[in-house]
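The same chain A turns up in both complexes below, where it pairs with chain B and then with chain C.
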Partner chain A sequence: MTNSWTDIKNTDLVIVMGGNAAEAHPCGFKWVTEAKAHRGARLIVVDPRYNRTAAVSDYYAPIRPGSDIVFLMGLIRWLIENDKVNREYVTNYTNATFLVKDEFGWSDGLFTGYDEEKRDFDRSSWDYKIGEDGFAQVDMTLSDPRCVWNLLKSHVDVYTPEFVEDICGTPKDKFLHICEMIGECSAPDKVMTSMYALGWTQHSKGAQNIRGMAMVQLILGNMGMPGGGMNALRGHSNIQGLTDIGLMSNLIPGYLNIPTEKEPDYATYMSTRNFKPLRPNQTSYWQNYPKFMVSFMKAMWGDAATAENDWAYHYLPKLDVPTYDAMRMFELMKQGHVNIYFFQGFNALLSFPNRAKMTEAFSKLKLMVVMDPLATETSHFWENHGIYNEVDPASIQTEVLELPTTCFAEDEGALVNSGRWLQWHWAGATPPGEAKYDTWIMAQIFLRVRKLYEEEGGVFPDPILNLTWDYANPDDPTPAELAREMNGRALQPVYDTTDPTKVLVEAGKQVLNFSQLRDDGSTMCACWIYSGSWNEDGNNMARRDNSDPSGIGIYANWTFAWPLNRRILYNRASADMQGRPWDPARALMTWNGERWESPDVPDISPTAKPGDVMPFIMNAEGTSRLFARGMMRDGPFPTHMEPFESPVANIFNPKMRGNPASRVFVDDAEQFATSEEFPLVATSYRLTEHFHYWTKHNPVNSTLQPQFFVEISEELAAEKGIANGSRVRVWSKRGEVWAKAVVTKRIRPLTVRGKTVHVVGIPLHWGFMGAARKGFGPNSLTPVVGDANVETPEFKAFLVNVEPAEEEPVA
Partner chain B sequence: MNIDLSRRGFLKLAGAGVAATSLGAMGFGEAEAAETAHVRAFKLTTTTETRNTCPYCSVACGIIMYSKGDVKVGEDADLIHIEGDVDHPTNRGTLCPKGAALKDFVKAPTRLTKPRYRAAGSNELVEISWDEALDKIARAVKDDRDANLVQFNEEGTPVNRWTTTGFLAASATTNETAWLTYKTVRSMGIVGFDNQARV
Partner chain C sequence: MSDTAPQPKTAVSNPPVQPLEVGFDARDVVRISATSDVPQPERQLDKLAKLIDISKCIGCKACQSACIEWNDTHPDIETNIGSYQNPHDLNPQMFTLMRFSEWVNPETDNLEWLIRKDGCMHCEDPGCLKACPAPGAIVQYSNGIVDFIHENCIGCGYCVTGCPFDIPRISQVDHKSYKCTLCSDRVAVGQGPACAKACPTQAIVFGTKADMIAHADERIADLKSRGYDNAGLYDPQGVGGTHVMYVLQHADKPSIYSDLPDNPRISPIVEGWKGVTKTAGLAVMGIAAVGAALHGLFSRGNRVTEEDTEEAEALVESDLHDRRGDV
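What follows is the complex of A and B.
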């Protein structure tokens, strides 16, 4: 989230598209109810199903799964055509005025530079014209045909309301009604918020869905505003934190990058990371990258990381592919190239696409280690459960270790919520039996491996032997010790950059925040964006002062928000070029002639003059980006792409399947179906009574929603001869499931390119372990292909078929 | 005061919650003793309250956990109730159908309590000691790393990557667990590293 849950009360209009907050985030959704009741805010829902959020909406429109970009580009076209644009914002705070290279273009559904063989683009033309002064060229009058604004206008020209109706199946009158509601929020004193979740991310072009709405929010001038922003609801309690801390193949904590093998030394690695400002006077905050990187290396390897050895740069692995993400690893595993896999609180057997492939891959492992509070399907993948897990244990040679861990009630530490609040929690229960903290387990694994290297020697033991491990009890590092490492401390005295005689931080003291980090080895900090969370004031994540003097939902003394306790990102953009709030009734940032005044932490230097320094300080432009340059693998603007399994061909280019830049493995491609074989569109989702695959272990929630079902329309039920409550078989090219049929008015057939398209709704939450009745997850059916930028699997749009099935014999 | 008041009748008038103190103040000493003997104490009065947050979705509602016993002073603590934290700015005491049943997750019948091991081709998990399990892991990890760490690529560039062992991290562990996991995994050179945010 750019904003917070409590900030939603400030909005005038909520659009929920790509999520179902009333069902999946009920207590956060109450802030929508608050805005509706007390501000008169309205709620729009666009979704394939008339879901529980739609049930309390002011306006609902259906959409075909996987066609969101068409809707959003159509919306942008309408906003521009009807001049529902915050001109001052767009001209100054976005890159609308920037001139783009003449070679850049788009045709047949593809941007310039496509290489079909590589499934990749040469992105060199997707960039600005750079002038002789070294800065990007701009045209503040927006008249140059090569400026981003004019390129955007021509890019969206094809997305007429008729085109939207034809591709999305959304009736034109409903689409136009939504455009008008949203268009009102281009007024400086009207604000819309976007709430989305996995309904947008789980597509082969998920990142472009989200970009599409972010562009809408910039055109309306709603980024940085109270009640505005782009608000990712997020599915789990700490996936924000785990991503912040870089637990991904290619990340270093705080969104730094693991080097590739094309960066053989530190100087080469840093050479592409100088972040020189692209316009005069701009902040380009990533210029501080070396400070964060060196402080991270000192956190890892302490005295073994020195200026002379490039801060132990060679201790880091170097990638030969963009990422060894989970789907790549399972492909390698299936091919027999992986021996050991750890699953820490992750029920992968039900969480990744094509479960048959997962079982095949797991069966090739030598050793599987599962750490979990619960007995999961993953640690029991080798156990036969009839149709629910049809395997032969004797033929599976994988050894499995199932390790019991504590859960939230028994441990202490911080989780990061969707609004980036790091909330510390405390233990209130004794762990059951021999269950152990994950920290203890990780420490034990590390210390025992280190001991083997100490005793036996081995291959390149240096990064293991030199890893800092200065915990009071090495066997059991405490959450406080670990949190303090993430905040960072001075290893030597840290001096003031403007007055080298003045010591800012004594050696051994916690730094105040990341502004005190240095690139000379005098500081350590494990995760720079968390710096400030546990400084010499103590544990700021433990704060519980719920006062809100401004009344606009900031709650500045409740826990800690990264970065720097800032609650609304890009908040400088909530004021105009003179530094006056766009809406005085919702003032967040005001320039008093000398400095910024705000109940929040300003997202700009407190004395940066309005008009000089633009609000998007992390970007070298100083502006936000309607045109993403070469930063997205699949295009600088979102363009319509069909799902890999679609009922219709891509209207721009019938030969193009799915996202042309998505990575596809050969065996997986052979398992993509056509609409001739599988005519129905399926999508997956959550229910309010269950959380993922956890609550089916819980008798209360298993009683509330005991049994796996699928939802189909009355029309499809009639066509197939399926009665409400009867048993059906649903199958795809990869697998089959059996379920109760819920025949409902909530799903209606859509007309797409003259063809009737039926949608089948498949909730998750069932498996073969726990207290609920045995069932299936959608991943028995889904295809293995991910988003071109981030490899999130396409769970939200795929093809199936459905037929009546024999009832289960009564036991 | 000449009132013939049965205990039951008095409680009807005054309400159970204030009965004991009011009776005492009015000089009904014997009635107070009788009252104390008959009214069951409020279940949560002897519990320890602990602040926590819901581990499900990332609204991260504040919760209060009520336990018999206090882990902070080294006692065993048994969780008996969870409710919404009324002081929390986001949920203000409310919980959804999942959060309201959170205690049942902590006490789920399928909670794991002992390390278990499944041998190749076996049809069962058998209990194993922590020491045995951890030593087995350490041995396997060291042997696989020594056999498969790619120290240099074909150009001779040091790359120190290890692709034959992988690690999937969680979605609900703390930041502090995440950081210790990161240190361990990265120091060994594991690149097959991911968390639940991927899906």
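What follows is the complex of A and C.
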């Protein structure tokens, strides 16, 4: 989230598209009901299904799964055509004025530079014209045909309301009604918030869906505003923490990068990370990258990381591929290249695409270790459960070790919520049986591995032997110790940069926040964005003061929000070029002639003059980006791409399948279906009654939603002869499931390019373990392909077929 | 921000709970099944009410979950029968149930998914209590709560007949009748009902009936501003008003909400039966002196005449057959 849950009460209009907030985030959704009840806010839902959020909405429109970019580009076209634009904001706070290289263009659904063999673009033309002064060229009058604004206008020109209706299946009148509701929020005193979740991320072009709406919010002037922003509803109580800490193969905590093979030494690595400002006076905060990187290396290797050895850069792994994401690992596993795999809180048998492939891959492992509070399907993948897990245990040689862990209510630490709040919690129960903290288990493994290196040596023992492990009890690092490490501390005295005689932090003390980190080895910090969470004031994440003097939901003394306890990102943009709030009734940032005043932590230097320094300080431009340059693999503007399995060909280029820049493994590509074989569009989702595959172990949740079902329209049910509540078989090119049919008015057939398209809804909470009735997850059916930028699997749009099935025999 | 109605006194999940000032206990009983001449309590408690705002309800079933947890019941894990509704019906282990209905508004042709939390309405004029032949099995307190005292219940099912909302359910295990207690045990110690406490959107709120009506008025004004011209409060006067009320988007058509009665009344059979019940009840009480300690009444064993039982069974069977024909 750019904003926070509590801030949603400030909005005038909520659009839930690419998510189902009431269903999947019922507790946070209270802030939508608050905005509706006491601010008169309106709620729009755009979704393939009339869902639980739609049940309390003011306006609903259907959309075909996987066609969101068309809707969003159509919306941008309408906003520009009808002048529903915050001009001052767009001109000054976005890169609308920047001139783009003449070579850049788009045709036949593709941007310039496409290489079909590599499934990748040469992105060199997707960039600004740089002037002789070294800065990007701009045209503040927006008249140059090569400025981003004019390129955007021509890019969206094709997305007319008729085009939207034709591709999305959204009736034109409903689309236009929504455009008008949203258009009102271009006024300075009207604000819309976007709430989205996996309905947008789980597509092969998920990142572009989100960019589409971010562009809408910039055009309306709603980024940085109270009640505005782009608000990702994280699907898991600590998934924000997972991304922040960098539990991905290509990230270092705090969104720093793991080096690649092309960056063999530190100088090369840093050469592409100088983040020189692209416009005069701009902050370009990533210029501090070396401070965060060196402090991280000092946190890892302490005295072994020195200026002389480039902070032990050679200890870091160097990626030979963009990422070793889960889908790549399972592909490698299937090919027999993986011997041991740790599943820590990860029920992959049900949560990654193409379950048959998972089973095949797991069967090739020598050793599977599962760390989990529950007996998962993954740890029982070898067990025969009839149709629910049709395997031959005798043919599977994988050894499985289950290490029972505590669950969240049995340990202490911070969970990071969608609004970036690090909320410390305490153990509510004693762990049962042999359950151990994950940290204890990891410590035991590390200490034993280290001992082996000590005793037996090895190819490269240094990173293991020199790893900092200075916990009071090496067997059991405490959450407090780990949290203090993430905040960072001074290893030597830290001096004021403006007055080298003044000591800011004594050696051994916690740093106040990341502004005190240094690139000379005098500080350590394991995750720079969390710096400030546990400084010399103590554990700021444990604060529980719910006072809100401003009345606009800041709650500055409730826990800690990264970065720097800032609750609304880009908040400088809530004021105009003179530093006056766009909406005085919702004042967040005000320039008093000398400095910024705010109930929040200003997202800019407190004395940065309005008009000089632009609000988007993390970007080298100082502005936000309507045009993403070469920073996304699949295009600087969102462009319509069909799902890999689609009922219709891409209207721009019938030869183009899915996202042209998505990685596809050969065997998986052969398992993509056509609409001739599988005519129905399927989409997967969560239900309120359950949390993922956990709560089916709980009898209460299982009572409330006991059995796997799929949802189909009355029209499809009639066509197939399926009665409500009867049993059906659903199959794709990769697998089959049996489910109860819920026949509903909440799903309606759509008309897409003259063709009737039926949608099948497949919720995801059942498996063969636990208290609920045995069932399946949608991943038995889904294709193995992910988002081109971040490899999130395409769970939200794929092809299946449905037929009536015999009732299950009574056991 | 507009001016807002008083916040509900209890069970608001955020901000934290503010306890009610006054609890209640057996001294506050105003009516007892099959018992006449109940001594009137010395004090009159504020009338309480639970308000269920259907326009805020997202159907998440947190209320059902909280109800199961608080009452420590163990409903069966059933099957899916083509609906989100689970368990399939109210039962002796499930005192409240989200009922889902898909309704196409004939005026707009738009679908509306109407989700109603079903359960005891705590009628001011409780048909269950009137129909009950077992002395002390059903009581009503001066705050409006209608409670079943299970040790006095004979499992006859008259309360089912007497209820215009089809709420009580007879256990096949212990042959007692069960329904929502409005969390009388929580309210007695100054807390609100578990369902209201758990409701993430404050669709369920709890407080004095006067406050709840004021809160409902604010909600109805909001709904009217959104084009729901017939939004209104469901507090049916045919049963003297209820202590569980609904805010309905379409208050002119209660029955579209999973057969919520348009104009609920106690069955005339029960109203006729009432006289007999009273007499029989008194006979059963025998020498029990008027004004006997209520605690004694609550804990006494069940005794009814054979005549009572036969009549009750005949009445219940015919009625259950009528009501449940479509289940």
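We adopt the following convention: the second predicted complex is superposed on the first by the 811 of 811 C-alpha atoms of A that agree within 3 Å, B and C clash if a C-alpha of one lies under 4 Å from a C-alpha of the other, contacts with A are read in each partner's own complex, and residues count from 1 in each chain.
Keep this in mind: contacts are C-beta pairs under 8 Å (C-beta built on N, C-alpha and C of every residue); 3 or more make two chains touch, one makes a residue touch a chain.
As the structure is a prediction and not an experimental result, all values here were calculated from the model.
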| item | value |
| --- | --- |
| First (chain B), second (chain C), both or neither touched by A:Leu704 | both |
| Chain A: partner with more touched residues, chain B or chain C | B |
| First, second, both or neither for A:Val742, with chain B first and chain C second | second |
| First (chain B), second (chain C), both or neither touched by A:Cys27 | both |
| Which superposed partner A:Leu374 touches (first chain B, second chain C, both, neither) | first |
| Partner chain(s) touched by A:Gly345 [first = chain B, second = chain C, both, neither] | first |
| Which of chain B and chain C A:Ala435 touches, first, second, both or neither | first |
| Partner chain(s) touched by A:Met248 [first = chain B, second = chain C, both, neither] | first |
| Partner chain(s) touched by A:Ile239 [first = chain B, second = chain C, both, neither] | first |
| First (chain B), second (chain C), both or neither touched by A:Thr688 | both |
| Touching both chain B and chain C, residues of chain A | 26-27, 30, 546, 688-689, 699-701, 704, 771 |
| Chain A partner contacts - residues on chain B that touch it in the complex | 48-62, 65-67, 69, 71-72, 76-79, 82, 87-91, 94-99, 101, 104-106, 108-123, 125, 128, 130, 133-142, 144-146, 148-149, 151, 153, 155, 157-199 |
| Complex interface listing, chain A residues touching chain C | 22-23, 26-27, 29-30, 33, 36-40, 42, 50, 52-56, 58, 60, 546, 688-689, 699-709, 723-726, 740-746, 771-773 |
| Chain C - residues contacting chain A, complex | 1-2, 4, 13-15, 55-62, 64-65, 68-69, 74-84, 86-87, 94, 102, 104, 110-115, 200-203, 218-219, 222, 225-226 |
